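Read from first to last, the chains carry the letters A, B, C and D; within each, the first residue is number 1.
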Amino acid sequence: MDLANIQRRIREFRDARDWMQFHNPKNLAISIVLEATELLEHFQWKSPDESEAHAKAARDDIADEIADVSVYLIELADNLGIDLEQAILRKLDKNAAKYPAEKSKGNAKKYTEL
Amino acid sequence: MDLANIQRRIREFRDARDWMQFHNPKNLAISIVLEATELLEHFQWKSPDESEAHAKAARDDIADEIADVSVYLIELADNLGIDLEQAILRKLDKNAAKYPAEKSKGNAKKYTEL
Amino acid sequence: MDLANIQRRIREFRDARDWMQFHNPKNLAISIVLEATELLEHFQWKSPDESEAHAKAARDDIADEIADVSVYLIELADNLGIDLEQAILRKLDKNAAKYPAEKSKGNAKKYTEL
Amino acid sequence: MDLANIQRRIREFRDARDWMQFHNPKNLAISIVLEATELLEHFQWKSPDESEAHAKAARDDIADEIADVSVYLIELADNLGIDLEQAILRKLDKNAAKYPAEKSKGNAKKYTEL
């Protein structure tokens, strides 16, 4: 994924509209939540099986919602000077330590309950 | 960003714990929202200026929260066969059409109110 | 329900801590979302049936989460001079008009799709 | 507030549409979050002062959003046999113990940091 290109496109879009004044970390975090709930709304009343079927049937709409969350996430990381790839890899390592495979296998318990 | 590598790491982490049974689209969408609100909690009572200062002071913690949202987003896109990079680029084009620069400049109105 | 008593208790709690400075409508709306997601976290990985069983088994914890959302909701309505009971009754009337029983019976479609 | 009357109205509305099949605790918790974020969307890009002004200017719309959250909260409590008034009063007592006035005065620290 050409993240540098996406970051550049996001910055240009924002700055052409003079929107940096609205894009403090708090407002971007709110926006990530709001876009995430638009994604969740797709599945509000669906059973687990229906959620699988709906995700396929409405794949383009869902791709748009996933993209909306991603755009704000990428902008927030960019604004804060966070290397998104390194942050993800580092967190995956932390998660592996928090959730040892042998203790977590087949259960969804929180690490505080393992 | 080596997205294929991150996707592989996420799949291996999940499958080593036999967690695919929990990762239907509905549950992943819930998880994206929950991680996004952990990010937002950092800024709950902060003024805009304080949110800038806090984002710098707590950058590593915030990077972890951004990573948590990203991991579930990337997994959901992967599970649904969505090309995340293409989805983002396509949505950026749609956004540019929805928010013409001359109409949106310096205001935060929703496209339905422009 | 003695709402006036609850409102009084909430105001006294807040003012004894000099917290009105933090309780603008935006921050209260954020707080309602954050408490609502703590409630949702209880059911993150649960099937529909498991969510019924868990709600019974963890009823006191869930009552606390419901109370946390309620407290911020009641404070926000109070701060804005909104009569919560009238607001709820008015909205129930609107919902009845948006979702005619004969069209909505047994389906969970949004009113825009009926 | 005549909570029993509101509970009765909510049950009748739901049952006339045969919607109990969708209203398990997980789905109601999702719905509380979704309605809460519709409330938050009002303040997405607003400064603290603008959020005060907007809350007054759009008071009826905001009352509707507050009502939407309240309706799902009241239904969830009702379905689980939770006495909402007692739950709120009990939680206010817990909060008072978690946030001693002398330690919390004028600061918004979480109880874990006091």
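Convention: contacts are C-beta pairs under 8 Å (C-beta built on N, C-alpha and C of every residue); 3 or more make two chains touch, one makes a residue touch a chain.
Here the structure is a predicted model, which means the values were calculated and not measured.
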| item | value |
| --- | --- |
| A-B against A-C, pair bridged by the larger set of C-beta contacts | A-B |
| Recurring contact interface, reference A-D, options C-D, B-D or B-C [over half identical by residue number] | B-C |
| Whole-Å separation of chain centres (CA-atom averages), chain A against chain C | 25 |
| Intercentroid distance (Cα basis), chain B paired with chain A, Å | 2 |
| Multi-partner residues of chain B (each touching 2 or more other chains) | 22, 27, 30, 33, 37, 40, 43-45, 48, 108 |
| Chain C-touching residues of chain A, taken from the complex the two chains share | 30, 33, 44-45, 47-48, 108 |
| Contact set on chain A toward chain B in their complex | 1-3, 6, 9-10, 13, 16-19, 21-22, 24-27, 29-30, 32-33, 36-37, 39-40, 42-43, 46, 48-49, 51-52, 54-56, 59, 62-64, 66-71, 73-74, 76-77, 80-82, 84-85, 87-92, 94-96, 99, 101, 104-106, 108 |
| Touching residues (chain side chain B, partner chain C) in the complex | 22, 27, 30-31, 33-34, 37, 40-41, 43-45 |
